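Each structure below is given as structure tokens.
Shared chain: subunit A. Partners: subunit B in the first complex, subunit C in the second.
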Partner chain A sequence: MSVRGRAIPTPDSMSASGFIPPLQGFGSYENAFGQLSQSVPAWLQQLRAAALDTFRQLGFPSQRLEDWKYTDTTPIAREVFQLPRRPPATEPRAELWEPWVFSGGAAMVFFQGWPLPLQPVAPPLPDEVSLLSLQDALAKEEALVRGLLGTSAPLNEQSFTALNTALLDEGAWVRLAPGARLATPIQLLFVGGSVEHPTILCPRNFIVLGDGAEATVIECWIGESSVPFLTNGITEVVLGEEAHLTHVRILAEREAMLHMGLTAVRQSRGSTFRSQVITFPGQWTRVEIHTRLEAPAATALLDGLFVANGSSFVDHHTTIDHAQGATTSRQLYKGVLNGASHGVFNGKVFVRPGALKSDAQQMNKNLLLSDDAEIDTKPQLEIFADDVKCSHGAAIGQLDEEALFYLRSRGVAAGDARHMLIYGFANEIVERVPWENARRRLRAALQERLATAPPEDPA
Partner chain B sequence: MPTSTAKIEEIVSREYQHGFYTPIEEETVPAGLNEDIVRLISAKKNEPQWLTEWRLKAYRHWLTMREPTWQNVRYQPIDYDAIHYYSAPKMKKQPKSLDEVDPELLRTYEKLGIPLREQELLAGVAVDAVFDSVSVATTFKEKLAEHGVIFCSFSEAVQNYPELVRRYLGTVVPYSDNFFAALNSAVFSDGSFCFVPKGVRCPMELSTYFRINAAKTGQFERTLIVAEEGAYVSYLEGCTAPMRDENQLHAAVVELIALEGAEIKYSTVQNWYPGDKEGRGGIYNFVTKRGICLGRRSKISWTQVETGSAITWKYPSVILRGDESVGEFYSVALTNHYQQADTGTKMIHLGRGTRSTILSKAISAGHGQNSYRGLVKVMRGAERARNYTQCDSLLIGDRCGAHTFPYMEVRNSSAIVEHEATTSKISEEQLFYCQSRGISLEDAVSMIVSGFCRQVFQELPMEFAVEAHKLMGVSLEGAIG
Partner chain C sequence: MTMAKQPILEIRNLHVSVNHTPILRGIDLVIHHGEVHAIMGPNGSGKSTLCYVLAGREGYTITEGQVLYDGKNLLAMSPEERAQAGLFLAFQYPVEIPGVGNMYFLRTALNAIRKHRGLEPIDAMDFLQLVREKAKLVGIDERLLKRSVNEGFSGGEKKRNEVLQMAILEPTLAILDETDSGLDIDALRIVADGVNALRNDQHAVLAITHYQRLLEYLVPDYVHVLIGGQIVCSGGPELAAELERRGYAELGSQVTAVVQ
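So, the complex of A and B:
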């Protein structure tokens, strides 16, 4: 027996075992596959079929897999999902979604994954910017779509990616030609729920920035549902050299909303991916961000906030792959857990062999406000190069007694003081969102979520 | 910097100095494992029926288990049928004093720099020397006996204190705990047993030297330490092994039990054969070490310096059951050439006001891969539990790796859990801090590097701290920067 250098793991490497089949079998997924519109290019139909095969081989990840150690997929695996009707049978109530269109710029609104014909409320986009539904993009820019699909989120042993690809039909296509710069954010709003049967939706979005392009894209996922409504969405992002993207991902769901969301990013030299993830989860939520820093001087800045009440499960996974040297990453994720909620944070930083001068920092802070709540956090570093600067930290605790005392000594009631401190803790992330209208909406949502489960007043 | 890096690489690539082989006639059972071998081991050790049954239960459970694969180390599959599960130096009778011990054996220890006599006379350390599997010499027994401290080989304990062994064996690490613990429970050959009665402060540091000698011999030690109410004991474990081209499996189990107000300090310096520069040979060090703080205000402290073994894979852990009990873990792990380490700790907080501290220092050089993996778990009833974890990695050379996998699971809202980790050649922040205090760059580098391991070394008893410095083989001071 001899021991040689070990194989270098890839971020998406998974062992062959550790998957569970859907508890009611694959039939409903095969039916859904059969119901998809066939009026797509042949290559796409082949890709869907191959992905369905992969999904049939894998099933859903079980907790035996390291990446799913704290994440129970049973709430998904036990359901028999259908695809939503095409086009949707109803219209969404305007009061549900209109408050979430706030940027003043271009916007696309999807209801149950179907693009709504909106009157343009913003000045038209310049020619070098495409904002299309995926089906329109396939009609107008098929070669581009084909060249990009699956490059950031490859079809491999990731169950949910396979399932998304198998049931892929709609999504948003955002493309900026080299040098294009948008001053106002583009908004993508996804309204889910309002269904009678357990429903699955697999939207696939693309954000493609040419060299030197700059944009802010705000993705909002909202909805409420009394029956399970699973969104299994993927956003593929490709950033050209010196391209700068700010990507705000807001999730404000309620009740039986299940959400599996992946943002998969490839970054070229000098590009910046600035991500802000703010999650107010429904029943079950997992948000993953994978970014691959493929060339020097690429930078990833990841901020996150999750505020969970009731019996919500909320999981954030980040993977930053320093594939090349002289790349930088920063992460700050914060969690507030109340009621009987269960939060998970797993941040991975890979520094590949030879990726010298990589600089990675990661921090995860959590406020645990109830003894029925649970937080599992796993910040993780895998470093294969020596001349690097990497650090991570994690903290779990409660409100600072001294800060509480200070506020009370100034005449603030105990409950108010607690509320102020919790709000202040969470709001740090909201204030990093670079658009005042978005911040205003988020502050209101944050107040609302914190008020839903009033913080306990200590005796 | 290049010269200093070259200097380090020269020092760390020195040949293993303890790689000699002692030609002693050995008694070995046939390779492979089945119920008969388990019974044979038990019979050779003249064990009571319940222990034989326990071994067999462990063996049957082991058969149902699969070798784990989640670890961050890679090795060729182990052929469990090629291992000799029992190997003992042949002796006419059990030695009553050092004079009766095989002189070859004593010379072996002298080469390692731990002459028993010298230790007996000068250091005042009682040594329970384990040569392969059977304990060959135990010193200072009488002096310990005066205080009521029992310190003997595990086999003797089974013969002389069966009720104590039976009460505590497997209570911290049950035979079903994991694949390697089950294997150990089935075939363990010897080890150390220590019992410190109520209110006794053990008058000296207890020390065991483990040694793997015969080729193709797995070593399955079992250590059990019990500290009764208010007792204190400091236990030292040191390990060296001769050079071998084949990998050898070492799957030991260590159980610590601290009752109310008791304190156990367990220190390890592990320098088994790490394999050669190409990664051939070396020990697989797959050990289960766990302590339980059963009583209020009890304390268990693990300190380890891991410089040897081809693969080190272990997590000395503490279950903090008693209210206000304390768990500590201090570790320095060095991997060089093709060595791999996946080590860390688990702190399980059950009692109120429990506290734990984790301090891990990892140094990687050559093609070495070093992982810290630690779990801090705060259960619902562990009010005001507190944990602080710090893991630092130092990388030397661009082909090695340093990895950190901390797990924090918290279910109590009054708990505070903090984790910090850094990986670097040397921390810029620390340099800046020192310089801002008026310390020159060179002095700052020197301070930081020597400080990198010092926090852990200072937890070691004096004799071990000296040896640990020697074993690191590298004076990090002034070497990096």
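So, the complex of A and C:
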């Protein structure tokens, strides 16, 4: 389904293969590769080099590829990016990032991909939990890192994954031993921007939960920049049997921030991956969530919200792979598009042969607030098994007239009622985030982006 | 009776169509402050249409007649202006609004109405106290109020929430659109108590109902019978009992005969 106020521009230099080379050549990426610290294990250096080769063969995906039909990568392909300085030349302004550290639990803050020494005070983590920078993890738990890297997000023919691997240097490493349970969320905060030249950053994070472990991890990606700042980040997640992860992924960027984000998950028997993606995009954003339900009784619950203004482009792609039967997935993604913004939702559900009793439900609802805003929404169910329960739906619309009348009949002015409903539409997803401090922060961000009156909470 | 005073509501020869189909065919009704009126009628008689037209919902064409609210042309007012002027409709099917908190909604509504009355916005603590007090009155679990508006409420909880809103907003004219339907006896009594608590010489109530049951607890001053878009007869509370005994069909045919 597709509603649009304008045509999608098609790059001229599109090749028949479905990929386009960087418009200024591969040189800047090779330079960046050459600048990376070599003090990493040899296997990693080899992996990076192989990934650079893959990227050199591929370039960036073009709109000829079905997965990129609505997504123009030219804003990335035309730039000449540099890596940020190591360590960064400046420190981020505290007022920029401090409001985003709210969980009261352990937190790591990265500025331009570099772990900051200024860790907020947090209660110490129990021994069975590792929270490290990737470089520290390579020093302390190298075998584990090596065993996991690329297993959830394989190189294959994914341009951005190849590029991330080629330029991989830092990230967060979160590992819970079997049975470990954390009551308070771990926060990973990535502050981008504040650069003078177009900059690329390729963080790689890991969240690994042993059998029966339980945690909430809140990833926040924030930043503003007047020059292009591309984050090409990957979070690889591995969930053991009966492990339960709530993964909240908040993106609040502005201006010339470009963002390609992938969360790639593998789930064992009885595990739950609860994903909540909330996106306030800068200029160009694509967020992909891939999860593979590899054993029975695995459950994936995916909620998403994107709120775009101006000329932002924001794309959410989900892939849920019911590789085994008796697995369950639920998706609710909502979009609010204003100005001349362009949103995309593509939800792919595979039910593999023999994955009997799979149960998949997907829903995408969008609100278009201006004539120039555009949404492309595409459910994609590929079912190769019998005896499954799958449903999907997509809605593009205006506000519910019945609800509008209800509010007005109580004395709320039409304009306020409209704002309330827009806010409520988006806030339904925020209210699902299982942590009040996070909800409070998100409500404030929502009000700011929707420019609505603050709904103070008297209770 | 307060006949000398200006009525709160005066409906004169009101004709209303939906998609060119006449639904209301000449309604006359006068309600004074302090009075409780009941309109009874079978399904499809135009009861809900009357409610919606009075509250200002779109989609209805007024083909003839007028409605005065406190002497002013009600039909020229927006739904929010009507509410701010003290008119309240308890919906037959209250709407669920996910994402909008009940408390936030209620407070916004109350402050909009207070503003119209020249009052300051209510203080957060005072509001909380007011809600607590009224919630107890209508027997609604306070925890429900922390949820989104009507979201996941049972039918009975939604009706109670309507009565709670009414108790908080203190309307001059409350219109109840089959608020009794789908309620058990206990809930019915609580709803009626909520309405009765509002009853004094400043307020008026128009209760629309299919059954006489509600009127045992909420004894009306006047009962009107609406059939085929017309008020076919009016009387005191005894009319409700008579209707219950004889049914609409018998009364309807009798009245039709008289009219013809």
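Heads up, the rule we're going with is that the second predicted complex is superposed on the first by the 433 of 459 C-alpha atoms of A that agree within 3 Å, B and C clash if a C-alpha of one lies under 4 Å from a C-alpha of the other, contacts with A are read in each partner's own complex, and residues count from 1 in each chain.
The rule is simple: contacts are C-beta pairs under 8 Å (C-beta built on N, C-alpha and C of every residue); 3 or more make two chains touch, one makes a residue touch a chain.
What you see is a predicted model; the values in this text were computed from it and never measured.
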For the overlaid complexes, name the partner, subunit B or subunit C, with more touching residues on subunit A. B
What is the contact status of A:177 with respect to subunit B (first) and subunit C (second): first, second, both, or neither? neither
After superposition on the shared chain, which partner residues are touched by A:424: those of subunit B (first), subunit C (second), both, or neither? second
Under the stated touch criterion, which partner chain does A:405 make contact with: subunit B (first), subunit C (second), both, or neither? second
Identify the partner contact of A:395: answer first if only subunit B is touched, second if only subunit C is, both if each is, neither if none is. first
Is A:414 touching the first partner subunit B, the second partner subunit C, both, or neither of them? second
In the overlaid three-chain picture, which partner chain does A:374 touch, first (subunit B) or second (subunit C), both, or neither? first
Where on subunit B is subunit A touching in the complex? 69-70, 72-76, 78, 246-247, 275, 278-282, 310-311, 338, 340, 367, 369, 380, 393, 395-425, 427-428
Would you mind writing out the residues of subunit C in touch with subunit A in their complex? 55-58, 78-80, 82-84, 88-89, 91, 94-95, 97-101, 103-105, 107-110, 112-113, 116, 124, 127-128, 145-146, 148, 165, 169
Residue positions on subunit A within touch of subunit C in the complex are 400-403, 405-414, 416-417, 420-421, 423-428, 430-431, 455-459
List of subunit A residues in touch with subunit B within their complex: 1-7, 15, 66, 70, 353-354, 356, 366, 368-371, 373-398
